[in-house]
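Structures follow.
Common to both upcoming complexes is chain A, partnered first by chain B, then by chain C.
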Partner chain A sequence: MKPFLLHAHTKPISWIKFNREGDLIFVASKDALVTVWHTHNGELLGSYQHSGAVTCLDVDDSTTRLITACADQNAYLWDIQTGKLICQYSQSTPVRSIQFAEGGNLFLCVTDASYKNTPSIQIYSIPKELYESNKPCEKKQIARLKIEQDVKITHAVWGPLNETIICGCVDGSIRQYDSTSGQCLGKSEDHHKDIIKIALSKDKMLLISASLDNTAKLYETKTLELLKTYKSNEPVNTAAISPYKNHIVLAGGIAAQDVTLSLGKSTYFNSKFFHKVFENKLGEVRGHFGPIHILAFTPDGHGFASGGEDGYVRLHYFDKDVLEMNDGPDGPMD
Partner chain B sequence: MDLSNVIAVDNLPITNKVEKLEVVLKQLFKLKAEANCIVLQMPQEDDGKTKGFAFCEFETAKMADKVIKELQGHVLSKSNKLYIVPFTEFDKYTNAKETEFKETPLVPLKEREFLRGWLQDEQARDQFLVRHYDTVGFFWNDVLNKPQLAHRHEKMSDSRVIWSPYGSYAVTWHDKGLGFWGGDKMTTQFSLRHQNVRLVDFSPRESFCITMNENVEDNVHVFDLLTQKKRATFTAPHGIAKSSFDGGGKWPFFKWSHDDKYMARLGNPNEADPRAPNYQDQLRDLANSLFIYDMTDPNVPLFNKKPLRIEGLREFAWMPSTGNKSPVLAYVAASDSDTTPSRVALLELPRNKEIRTQPFFKAINVKLVWSDTGDYLAVLVDREVTIKNQKTEHTTVEVFIMNQKGIPVEKIEFDDKIYEFKWEPKGKRFSAIHGDAHSALKRHLSFYELKNNNKGVCLKKFENKTIDKTFWSPRGINCVVANMRSASVPLEFYDVDDVEMVGLGEHFGMTNAQWDPTGRYFCSYVSAHFRSQENGYILWTFLGTKIDQTTFDKMYEFEWRPRPPTLLTGADLKKIQGKLPQLRKEYEKERSAAQQKVSQEVLKDRRRKWDEFQNIIKRLNDEYEQMKNKLVELRGYRDEDLVSVKVEMVEEVVSREEELVEE
Partner chain C sequence: MTTDETQKSWADEVEDNDNLKTVVEYKVKDGKKYKITKKVRTVEKTTKVPKGVEERRKWKKFGLATGEKLNGDVQITCERGEDIFFEKTKGTISLVNVQNEENLRLERFKTQLFTAASVLAEIPGIKGETSGKAYRPPANRSEVSSPAPTDEPKKSTYVPPSARNAAGTTSTNMHDRDQSHTVRVSNLSDMITEQDLRNVFGKVGLLERVFLVTDRETRISKGFAFITYSTRAEAEKAIEKLNHLKWDHLILSVEWAKN
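Up next is the complex of A and B:
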């Protein structure tokens, strides 16, 4: 399976996202650019210029609106087709992550702490007129709800039916909040180092967390009950659940600033595949020259994309024998 | 009456040759103390035999004093150590009151735990230990079931863990000294006190333990492991303990003879007194002296009471013989002048006799390598040669064949420099990594064998490899060659009977490696002493097949538990070897049965996990189905409405052309 190499970025890739149909892939990078590509041939379709490093993005289900989180202390709403900026949401600290709720009427964004502000998750609603017309909106947008806490939040996602918000924190905890009242509903403390990202399965019933403690863990989303643990031998930056097979993919690597501390560090950074149920490693996919920051399966699960420190996005499609592999209990052991 | 010129001599031999004894004694007094004996009285029994003592009168009291001084404790013969009493003190002894003999209470016998229980394992598995953080795990190397945990101790050691040479004890490091663990449950057996101990070494037969800390003086202690008492204290240059945890190549400070009877060391320049006027002489003496200690004596005296003087002494090595021969020591004595050669000599103890010596001319470096059976001693001689106006180094290997009369020497010339030389354990072969001194990349790997006519024959030379280390299997025949400088260490598995590479592996970041005591498995590992990442180990078979890979965060040591030498005689071993074909069938049967059981258990376990997980998934799916209506409401579309994107390949014939191809 020869991958498509999407190379337009000059700085590390921070986020990738397939649209719902899987025909387009959106890439955010620290070089202040968001690009969009055709997935079937790896051709560049367009880009959205920002004024600071882009940390996260999301696309709505109808592929009309794009939201991006930027280190210039703003969140942005774009029209995908024309590439026009529609709305700007000013914050007082860099925005770490962003996500549309089901239906696309709401989105959340995570902001960092500064000496005046506590780490927070903010929920904005997008009025209908911002979908209907491409006119830039000058009106200052005000958050509908602000959830504040004392520990730095690295990533937050919407739970099933937009009822909850789940976030990962630097103390290794995963916390769940009510999305209307902002009340804390529970937390899990199975990881002992920073959680970098969390990802949900396609039906949002399962959650996987990626942590610097060299593991990824699988949870039941509603109860935050720990189901499985996948052990790597290096920090895990990102993990994803396959929508097609009983597979998990995770990746990471030593952070760039620590590379010099470890002797003769490897030149390979691999995406590692695990069996979802048996927790054993199935294989690795080589390719990146730096730590991998983000992984995503295509919506049909027939392929996946990885983005790394080296500025490349690698778009892989699985071979037939991988797709037809027996992933039940009688399947191959390794 | 003045009796100060009279003495009594006790412990004389009991004999009837009275006159002869008198002559001997008188001569002894004359010779050793210049004393003239005027009267010598030797009481006799009725049968004419002496009673074993004598009274002697001398010309002056001074003479009597001198006799006492010089001859007190003189060894006349093996069982006759003289004991002399001046007559003036005679009253004191006759009037001495007999004090009541008090019996010292018996210390109740403390039963020692059986330390070799692990050897009685039914499947004859080997053990290994792994330390990660401060936890030590002891595992059985079970090839079918993956390593099985036998014992686990948290906070077991402050810095390191090693095995004693026969595997009886696991030794742990603590502030106050060393802990010794063993027995069925791997519990503390005893400890040896030595504040801030850094380095440890054992005598080859596990009778003594030598420890060293960073103190400037009295930093080396020698313990008897049976009594756990300190035998002696020495001073070694304290930089050894400070440099690094392997002593910077200068540890062990003492080298042991194979039978634990002697230990020896080179002179330590710190022993010279810089304030003394003859400081330079002292230094020279120390540099040219070999200190051999007699460990059979509880006081650990120097062999022959003085250091052995060897001009130009550079290096020495004991013969690691396993036979019942006397200890033999080989040493290198270098010479600075062009006319006198450097030499390598073999010294046999306790006769203190040089049994063989061989001169070397123009050597710039001489190294000694014993084969572990003690049958061969290889002397690697580096010489400088000039080729095309360029100076380079060549190595000659001279092999002393110890098991033949006269100890013949076989010379094997290399036309480049040897970087690593290793004997095949229990064999007649050796491996050498050699190459041009100017190129670090092109190294050759050669295997040599000493044929029956003592000729050294090159079996095969593998050219132009980047390698730097050889690991021989403890049973010989197999060896692994690695390039430890590479980030991802390639491992080449060789079979030296067929002289070919049988397997190839790779271990990222490998820092250490060790064969198991049976020579069937090879472990390569990444120690946290040298690398902070990717700590863990890989177990290989001798054919280079990976059988287990485990990662341990902050894993420092992986150590196979050594086995003591076999108690079977050569004949017993032959008998067992004869039965091998039959035994093999039985073993294979057992093994396949066990294998089947394991794979069935694994399958069962997988089914159980699968079923458990499917239950959860089923529940979640039900919940999802219930949510679905709400979800559709929220989203405004159904999943089923999704337009699927299909990519169709269409082939279209643009044009067609025909061309004749000439044959």
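Up next is the complex of A and C:
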């Protein structure tokens, strides 16, 4: 396979997101820029200029609105087609992660801790008029619900049918909250180091967590029951579940500042593929020359994109032999 | 393709259908005029995309993509990277193949080695289960100490590179180890893994340590291994039974490890 190498960012890539049809790819970077590219030819469509490092982003299902989480203590709502800023959600600490709820009229954002503030997950609703017109909204937006917690949250996602919110924390725990009452429903503590990212399968029934303890773990979303463990040799920064095959991809690498403190080699920054059920390693795709921060499968599962410390986004489409690989008695799903 | 006007090329005889176009151009080189005839086949490929996607492809560019705000240090490129491959992990090319191979290996094992019924009785898991089952010593040998775990827990203390083995863990000192129970297995095919060795050699006796020698960089097997049994008798048995065994396309050589 010949990957597209998308290069517009001068600093590490922090997030990648495909829109629902998979024809656009959104890239957030620490150089205060969000770019959007066509996936069929790798052409740059546009950019959204921020004033601080962008940590996370999400696109709604109709590909009209984009939300971004920024380290300048704001979350932003953008019009995708024109690149205009519509609304700004001020916080008192940097925003770490952000996600649209199913349906696109709610979103959550995760804020960091500071001297006065505890780490929190905040839920905002997006009024209809923000979808209908592209006029910038000056009104101050107030969070609908605030879930506070004593441990720093690294990433939070909506559970199935927006009923729950699941978050990964720096103490290695995964916690589940009710999205209407903010009540804690459950907790799993299988990882012994920071969880960096969590991701759900396409049907949201499975959850995978990527952790600095060199493993990725697969959970049942509803009960947070541990199902499988995938072992890597390096810290895992990101993991994803394929929507097409029984595959798991995970990636990471030892960060440059930790090389002298660790035993491993720092020269391998590959995306590693595992079998979802049998936990065995199927193969690797190499290419990056720095730790990989984010992986995302295309919505049809025929390819994947990876973004890393080197500022490159590599957009791969699998060769036939990978797509036709025998991956168990079930064969291809979907 | 350079052809003379008078001389007909064999390629001209290719039947003309609708997709085939002929492009003729003239070029002057070294004072000579050449006529270049190119036949071009155009292939039409239709892909269906959702309506929204088609619409989005017509969207106007904005921000950096318009090229207005470009300053010196931002360079936008999209290149087609060099051809890279999905590097498959050895032995897991296909799930079914692995199982078949395992069965084949077992089959071969059955026919070549343990024809004697008495020996067969000693081997658990020869029918049905294929992997993971190590040889269990009979009850009267319970005083034999349990095998030392080969995966030593990683210590956080610094280990000089010279003292690390392929797995990155501290290797125990070669000279401290008792070599009298150790056999050296050579002429292994490089597809054989440590687990394979455990499966095969574990059936002869209680294994204490299996060490497949691999290249430090590539992790590819160098084709020989050291296997330590718990007693010398078991090691002797392994040499007797497994020397000259045909495994994959090679014939094994099992002998005492030299000090």
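Here are some notes:
Methods note: the second predicted complex is superposed on the first by the 319 of 334 C-alpha atoms of A that agree within 3 Å, B and C clash if a C-alpha of one lies under 4 Å from a C-alpha of the other, contacts with A are read in each partner's own complex, and residues count from 1 in each chain.
Here is the rule we use: a residue touches a chain if its C-beta (ideal position, glycine included) is under 8 Å from a C-beta of that chain, and two chains touch if they have at least 3 such contacts.
Quick caveat: nothing in here was measured; it's all calculated off a predicted structure.
Applying the stated contact rule after C-alpha superposition, one finds that A:I292 touches neither chain B nor chain C.
After overlaying the two complexes on the shared chain, residue contacts for A:M205 are found with chain B alone; chain C is out of touch. By the document's definition of touching, of the two partners only chain C reaches A:V322; chain B does not. In the overlay built on the shared chain, the residue A:L66 is in contact with neither chain B nor chain C. Measured by the number of chain A residues touched, the leading partner among chain B and chain C is C. Of the two partner chains placed around the shared chain by superposition, chain B and chain C are both touched by A:D23. In the superposed model, A:F273 lies in contact with chain C only, and not with chain B.
In the superposed model, A:I174 makes contact with neither chain B nor chain C. Once the two complexes are overlaid on the shared chain, A:R314 sits against chain C while remaining clear of chain B.
Overlap of the chain B and chain C contact sets on chain A: residues 21, 23, 40, 263-264, 278, 328. Of all the residues in chain C, the ones that touch chain A in their complex are 49-50, 52-53, 56-57, 59, 61-65, 73-89, 92, 94-96, 154, 159, 168. By the touch rule above, chain B contacts chain A in their complex via residues 487-488, 508-509, 530-534, 536, 551, 553, 602-603, 606-607, 609-610, 613, 616, 620-621, 623-624, 627, 630-631, 634-637, 642-645, 647.
Residue ranges of chain A in contact with chain C, taken from their complex: 1-8, 10, 21, 23-24, 33, 35, 37-38, 40-49, 62-63, 81-83, 263-264, 273, 275, 278, 280-287, 314, 316, 318-319, 321-322, 325-328. Residues 20-23, 40, 61, 102-103, 160-162, 203, 205-206, 214, 220, 222, 227, 231, 233-234, 254, 261-267, 276-278, 328-330, 333 of chain A are the ones that touch chain B when the two sit in their complex.
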